[in-house]
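Shared between the two complexes below is subunit A, which has subunit B as its partner in the first and subunit C in the second.
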Partner chain A sequence: MSALLEVKDLSVSFETRGGVVRAVDGLSFSLGAGESLGIVGESGSGKTVSSLSILRLFGLFDDVSVSGKILFEGRDLLRVSEAELSRIRGGKIGMVFQDPLTSLNPVMPVGEQVAESIRFHTGASRPQAHRRAVEMLDRVGIPDANKRCEELPHSFSGGMRQRVMVAIALACEPKLLIADEPTTALDVTVQAQVLLLLDELRREMGIALIMITHDFGVVAATADRVLVMYAAQPMEHCSIHHLFQRANHPYTEGLLRLVPRFEHQVHGRLHPIEGQPPALTEEIVGCPFAPRCSFTLDRCKQERPPLFRIGPDHESACWLAAERAERETLPDKPWKAV
Partner chain B sequence: MSSTDNKESVLPARRRARAGEGIGVLLLRRLRDGIITLLLVVAVIFVLAHVVGDPALVFSPVDASDEEVERIARAFGLDRPFWERFGSYFADIFTGDFGESWWQNRPALAAVAEALPNTIYLTLAGIAGAALTGIVGGVFAGSRPGSLFDRGSNFFSISALSVPNFWLGLLFIVIFSVQLGWFPTSGMFGVSSIVLPALTIAVVHGGRVFQLVRSATVEEMSKPYVRVARSKGFPHRMVLWRHVLRNTGLTTATIAGWEYVRLWGGAVFAIEWVFAWPGIGTLTINAAERQDFFVLQAAVIIAGVFVIVSNLVVDLLYRVIDNRIKSS
Partner chain C sequence: MPYRVVASERRVGSPPIRRRLQGLLEKRGWWLFALFLSLMAAWAIFPGVFAPYDANYLNPRNRLISPGGASPEGSHIAGTDGLGVDLFSQMVEGARLTLMIAVVATLLGAAIGVTVGMLAGYFGGVVDRMLMRLGEAQTAMPMFLVAILLLSLLGPSVTILIIVLPTLVWPIFARVVRAETLQIKQATYIEAAVATGCPTSVVLYRHVLPNVVPRILVLFVVEIGHVMLAEAGLSFLGVGVQPPDITWGLLIAEGRPLLTVAWWLTILPGVLLSVTVLSLNILSRRFEQYAGAAA
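Now for the complex of A and B:
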């Protein structure tokens, strides 16, 4: 199966007054059609910037430079024309953002905010688009969608607005949905509802998902595979099963240890490990986690560990893992999608 | 669906109370504020003339002898007690009796009434130019911050608004009237005379409108919903028209409205003087030179009324349109 999305050695840096910020540094992963990948990491580890890179949705003031490749259906999104990108954004790739309270246009009825995207991408007439928008709103669980679609966002709660966002993102039946902490800003009870909805709809529609979160509970509920990020770099990449059974990277282990009895606690948040992540404005020599790691080797401080394949469906950026892997000499099977 | 999902209220309590308040109540409240302001203006003029200065001297011609001054004081009832004078002053003003102009030999109010339409004409022409250039330029510049157009127009507008308006007026006269002979140097003769004074207003105040509209646009463009609109695949132009302008349109119109009020707050009078435009500004300065106290007083009060009224209109229009948008 050729991958739907293939990110190859993506690096993103911002020129700021305080210096150059390396927000993403050498990220690679791939995603098959209908598959779901969770990206986990502490705040500031580069998750949002990674997801914005896919659709080139940087801010107007950002002085940004991007390198690497983002192949979507074989085309490099970092190099396609504006017109091509315009068809992909909202058409083939939908996106749900973190803050539902500010993500909707405050002076446009919610139905129109769904319908305009349908009209733009499918060329449907106004009434057609409107009808489909109402269907979509109904499908994401807006009660009385037929009437409420005429209302402005401020008469909806946070959870309802996030449902509207989901409707917008899925309106044109995309191949890929990117959700950047879609439930972080919501009440706990509402979080679970929105997650369930997202998961259900994307399975029904056969949409691939990138779920960005700092919450292992969210990953467990929605992802087949997980990519752990730290200080702009990928640390570990494995199936969700491996993550909880035998996480390899000391950083991942540390994170998991700090989530008490996580199997029972769906909303366990990441607790900080002792020490601070490195500043992204300075050049990081060696492993970024080395200063906080309890297994640090000399090599860790000098050389950056690449992602080593340490088993089927399992990669880890750790020199310890590399040594173990060398001893065991794994057969070189290609990566198998779960 | 659990009911918790719907419980959050979105508007802060105060905004909700305000939004629910009828336009009628609002109108009454603003009218009350306006009347209080006007009373204060009138009272301050009285205090300045009667307490700080000596009204008898002010009312007398410059070369009057002491006896004449005293006769004038009696004729105007200035020997009466303070409160009595204050009372009759107020009664006169609010019955429309602003006294006689001894320079023009007619009621002071008549002189002001003749000048007022000319000032309105000039300010409207000027603000139309300012709003057009300021709003169009500000939206384009603010929607692409840092672009060549943004940097160029930003520089130009800052220069425009830092130049004193009378100086710019004089510059225009030298270039367009004296050198090129395209427009009359001064006065009000036909349509061509309004071009230069209106242009002066358009440039200086357009610069301010540009700055305010630009920053409102920049601020709006960095809101999260704009990123969402971009994530739908819309090109820049569509994001701007369908989303950003829907939100900033009203603010933008209000910026032009406030600028109009500001113009009445003084800027137009200097421009009138430079171009000898027969409006309230020129009248005021002439009256001051001729010690024509009653014309001076009438001009200041009528201009004050105009500022208060235009303030009120801008504010009310803003609320009415805002409510219409919010409840549509």
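Now for the complex of A and C:
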């Protein structure tokens, strides 16, 4: 099976006054049609920048340098022309942003904002696009879509606006949807609704999903596989079941310990990971997590661990994992979808 | 405006007269000025309805009748000029060209300024630096003198006036629009528009432009006044509109030599011009409040 999206050794860095910031450092993953991948990490771990690079949305950054490959349906998105990219943006790859309150143009009726993208990508006439827009708005659960499509964004609530964003992103039936923390700015109850909606529509339309989040609950609800990022680098890449049952990387384990659970005793304490993530402007030697890790080996401080395959559907960038994997015998069969 | 100041109950002293007058004009009396501007527009569009006489009909026997006086042909509300032409009719007739030149020239200036400002603000970097330095270089030149030079070289005509006047105002539009664009382009909805595949041109005119319109509108109204004054100045100096065309500035110029004997020939068109510019300013302040409230 050839992958829909294949990211190979992607690195993105920005030139800033404080020095060169490496926002993404050697990221590789692949995604099959209809599959869903969650990218998890704390603020500044490079998850948003990775998603923006897929659509080359560097508009606001002047001095950005990107290396690696982003193959989408066999074409390298980092090298296609602007015109070609315009057709892919919104047409084949939809995107939902973090803050629904600022993601819609305040002076354009919402129906028109949905219709706009339809007109670009399908060449539909104004009335056709409008009808389709209303249909889409109805589908994402905007009540009375026929009337409300004439209204400006300010008369919609945050949740409703995010639904409109979903409608825009899915209006042209893309192959891939990138959702960049789509529920972070919403109330918890609304979060659940939007996630449910996203998942439902995605499955119905057979769209692949990249869900960027720092919330393990969101990942659990929407992703088949998970990529954990730390300090611009991938740390662990595994199926959703492995993540919760046998997370391998000490960083992932640390994160999971921070998720409050009901079955734990009421007066138990959460154990934060000691220390701070490294500054991305500094050269990182060895494993970026080594200074905070409780299993640090000498090797960790000197050599950067690559992603080791430690089991079917499971990769981990940890020297410890590599040692463990060597001791155990692995099935020869390469794991699927890579 | 993000917040409103609630008037405190206990006032410390009373605000200065000037401020009070200004506040009164803007809050209560603005509709009077709107009405006045509508009247001027009506003059410009249907001069025949308002002008009692033909503005080109001269009768030396009726020279220099003071305002309120009468000739055998009838009364002259604003008096007559040195050739015996009814001044009120001339003022009505002059409204057309005065307003036309000001509006068209400002529109042109706004079109250039908005385009330059959006491009500079959106693309930033080299484009920004080049375009804005161009605007600054132009602002540094005494454009009024350049206009005089150009008009005396090319010969004064309404067309050339309309080409020259926009150069006075476009840098102002460019600067305001650039600043607004810088802010707007940070908004996620611009990124979202790009992410749905909008080409840059579409992003600019469908997503950026509508969001700067309120500011442009406010500025536009003020600048009409400025351009109107500039035109009056040029016409006064003899390099603007030429007779038999009439503008208010030209009327003032023609009345100047007779200032000692016939004050009304300069004062009345002058008052008309001033009140029009004042009305435009007050109306623009009013717009600004609405635009601020909407944003």
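Please note the rule applied: the second predicted complex is superposed on the first by the 320 of 338 C-alpha atoms of A that agree within 3 Å, B and C clash if a C-alpha of one lies under 4 Å from a C-alpha of the other, contacts with A are read in each partner's own complex, and residues count from 1 in each chain.
FYI, contacts are C-beta pairs under 8 Å (C-beta built on N, C-alpha and C of every residue); 3 or more make two chains touch, one makes a residue touch a chain.
These figures come from a predicted structure and were not determined experimentally.
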Should the pairing of subunit B and subunit C on subunit A count as a clash or a fit in the superposition?
-> clash
For A:86, select first, second, both or neither according to whether it touches subunit B, subunit C, the two together, or no partner.
-> both
Mind working out whether A:43 is in touch with subunit B, subunit C, both or neither, as first, second, both or neither?
-> neither
Between subunit B and subunit C, pick out the one touching the greater number of residues of subunit A.
-> B
Looking at the overlay, does A:143 come into contact with subunit B only (first), subunit C only (second), both, or neither?
-> first
Please work out whether A:155 is in contact with subunit B alone, subunit C alone, both, or neither, and reply first, second, both or neither.
-> first
Figure out whether A:193 sits in contact with subunit B (first) or subunit C (second), or with both, or with neither.
-> first
Kindly classify A:16 by the partners it touches after superposition: subunit B alone (first), subunit C alone (second), both, or neither?
-> neither
Overlap of the subunit B and subunit C footprints on subunit A, residue-wise?
-> 55, 57, 59-60, 86-91, 94-95, 97, 99, 102-108, 116-117, 120-121, 165, 168-169
Contact footprint of subunit A on subunit B as seen in their complex = 1-2, 4-8, 10-11, 144-146, 221-225, 227-235, 238, 242-243, 246-247, 325-326
Inside the complex, what are the residues of subunit C that reach subunit A?
-> 124-125, 185-199, 202, 206-207, 210-211, 213
Could you pull out which subunit A residues touch subunit B in their complex?
-> 55, 57, 59-61, 82, 85-91, 94-95, 97, 99, 101-108, 116-117, 120-121, 141, 143, 152, 154-160, 165, 168-169, 187, 189-190, 193
In the complex, subunit A touches subunit C at residues 55, 57, 59-60, 62, 83, 86-91, 94-95, 97-99, 102-108, 116-117, 120-121, 165, 168-169
